[in-house]
Amino acid sequence: MEKNRLEAFSDGVLAIIITIMVLELKVPHPEPGSSHVPNLQTLKPLLPVFLSYVLSFIYVGIYWNNHHHMLHSARRVTGGILWANLHLLFWLSLFPFTTGWVGENHVAATPTAVYGFVLLMAAIAYYILQRTIIASQGRDSMLATAVGSDWKGKLSPVLYLAAIPLAFVSSWIASGIYIFVALLWLIPDRRIERVLAQREHQP
Amino acid sequence: MEKNRLEAFSDGVLAIIITIMVLELKVPHPEPGSSHVPNLQTLKPLLPVFLSYVLSFIYVGIYWNNHHHMLHSARRVTGGILWANLHLLFWLSLFPFTTGWVGENHVAATPTAVYGFVLLMAAIAYYILQRTIIASQGRDSMLATAVGSDWKGKLSPVLYLAAIPLAFVSSWIASGIYIFVALLWLIPDRRIERVLAQREHQP
Amino acid sequence: MEKNRLEAFSDGVLAIIITIMVLELKVPHPEPGSSHVPNLQTLKPLLPVFLSYVLSFIYVGIYWNNHHHMLHSARRVTGGILWANLHLLFWLSLFPFTTGWVGENHVAATPTAVYGFVLLMAAIAYYILQRTIIASQGRDSMLATAVGSDWKGKLSPVLYLAAIPLAFVSSWIASGIYIFVALLWLIPDRRIERVLAQREHQP
Amino acid sequence: MEKNRLEAFSDGVLAIIITIMVLELKVPHPEPGSSHVPNLQTLKPLLPVFLSYVLSFIYVGIYWNNHHHMLHSARRVTGGILWANLHLLFWLSLFPFTTGWVGENHVAATPTAVYGFVLLMAAIAYYILQRTIIASQGRDSMLATAVGSDWKGKLSPVLYLAAIPLAFVSSWIASGIYIFVALLWLIPDRRIERVLAQREHQP
């Protein structure tokens, strides 16, 4: 029952984050007195904002999916879990800001590096939450088994860390790394599902 | 239990989409130093924004209703369903943008065509989600029976597809088609309700 | 189970409406280059916006409370109830707009009348929802008994209807009526609670 | 079941408050025609806004955590509890405004005092909600036992009250007090958890 409310609050925050990001995609206002008819060219300056929105949408989707699975395998909620969860939500709440900043500046170096920094901090916050849950459930818990070696969770921060300085060499390399990490996670992670399925089949 | 969280997250996103659309209906600010008293004329320029809001509100309402019924008949949630659902939410999240753009430009051709394009993509995303759920539940599942020939689901994308080029002939024809499709869905779809009722009455 | 989702969606929309209303209370930006130190005088122009926010907050609170009790006493959800509920949410979603308009124009006549019009439409939508639920549950249902003569629900629209033209005589009279109706509903309505308590005590 | 909906609505409002606060962290727009490349200096003016966001995020987190525990120990929901809860949400809904005002004015005296005033009112509203719940559950209820002497709940308003005039002496002293109170609450409050654990172990 306690867990339900933690999930509901996190769902609420994630749902709002994913939706207010779209507010950065600002409706092009017709200039007063102008007889300019809007066409597809009007949307062209919005393209980088749109693409950074798509990437961030996928990232929030990945976080929601993994958060969903992770909490599904947790049995009880402690004060430490509540705060580790809020810490994760804090860094995710900065996504709309960094997404808008990258998009409006056509993937300039500093915004791209700051985007990576927030991704890095969110990844670290996720790792802390995972460790906090495992610590409270026991090392042989369902989550510990399911997470296993967690190579994705360990590789991602390393890649973000590499992307931050690389953004000053070429922001396209950094962006490429962010897209690569997103694809890495999009490939379905059946680990937890498999462990869950096994448990259900055991007598 | 897993399904609950998918529903809760979708409800959250849909609730926010439906509500931030109204933010495009911007309060007319009194000009500083002006002694102009606001009257109903002040609201007149907002009328197209208001009408596009009404149409989009009805569309989000239809999606919420159908989503509600569709997930009600699903028994379990897979990774594929989670992502098909996020894909649908992505296209729906663009509604506030296209609604505002159409409204502010008094139903100009390109915004009207783009509005139709997002409707089309949302309809396709809904169809993919439906297929993904049926695939995971089995062909003789409750949803497969309930959906049946799904003529509405098949006709709607065709009509949107026709409306997009027609928007450049007359944006009123395109708008008329969008309103027609909305009315088509507003007529209560008792298919799923009927199948559900039958199952409950069976021993 | 179906009812849960209707409640969750309505809660989401009402929570967002109540919270985005506060966005009209815009942070007074320090003018660039100005050495002006903000003080309580800076907040003075926001007072009418604040007061209209308080009134609208109370109205949304009343709607949430009553909606809560009404749906609590409903047993099943039909397509008609879903749409009657969306219709109510539509009018409530216009509260942030009318609240901001009244506040920014220091309770001018037309905004005050439009505020009352939206209150009137929401009251009518609530009445339709109530009738739709009673129709689906049966005349001797818990809700029908609990609502009883429903003098508040019948008096409120009449008062709003009177306030709309009176706003053009004096917007303070109209505002006074809106405050009076809010107070009328704030006085706890123990009807449904009482009927619920009786049923629980019956064998 | 009634309690669930109160929690869901409060979660929704708190999730939105915590997320719209970040909207005050406005994306620095590149000036049109400017060849200025954004760098970390571009973010420097946002630092006070960011820091006030961090503090307010922690405060909303504390309120959510305590609200979570408090309602967990409540058994039934009365009309009085519903309104005491809405009263608390009202004051919390002003956090985004005061947070933005303090941040944009680089912790000027009046905004800092107003920030403290809203913290004070929220603390009083929380106390009223706590008393209302205890009154409806009985003096020997789980919550009454858990809350105990409630020294934190009594000390906090006193400190806010001291900080408000002190903001006019030095806004940094006032800010220091707000940070101190936040840290006071961040230290995990195991009182309710302990009482809950004891009850579960009792036969």
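So that you can tell them apart, the chains are marked A, B, C and D in the order they are listed, and the count of residues begins at 1 in each.
Here, a residue touches a chain if its C-beta (ideal position, glycine included) is under 8 Å from a C-beta of that chain, and two chains touch if they have at least 3 such contacts.
This is a predicted model, so every value here is computed, not measured.
Novice: Which chain has its C-alpha centroid at the greatest distance from the C-alpha centroid of chain C?
Specialist: Result for the farthest chain: A.
Novice: Could you report, rounded to a multiple of 5°, the rotation needed to superpose chain B's C-alpha atoms on chain C?
Specialist: 90
Novice: If you average the Cα atoms of chain A and of chain B to get two centres, how far apart are those centres in Å?
Specialist: 25
Novice: For chain B and chain D, let me know how many angstrom lie between their CA-based centres, rounded off.
Specialist: 36
Novice: Residues of chain D that touch two or more other chains: which are they?
Specialist: Only 8, 12, 15-16, 20, 23 qualify.
Novice: Provide the residue numbers of chain A that touch chain D in the complex, in ascending order.
Specialist: 1-2, 5-6, 8-9, 12-13, 15-17, 20, 23-24, 79-80, 82-83, 86, 89-90, 93-94, 96-97, 100-101, 104-105, 108-111, 114
Novice: What does chain D use to touch chain A in their complex?
Specialist: Counting only chain D, the residues touching chain A are 7-8, 11-12, 14-16, 18-20, 22-23, 25, 27-30, 37-40, 42-43, 54, 57, 61, 64-65, 68, 72, 186, 188-190, 193.
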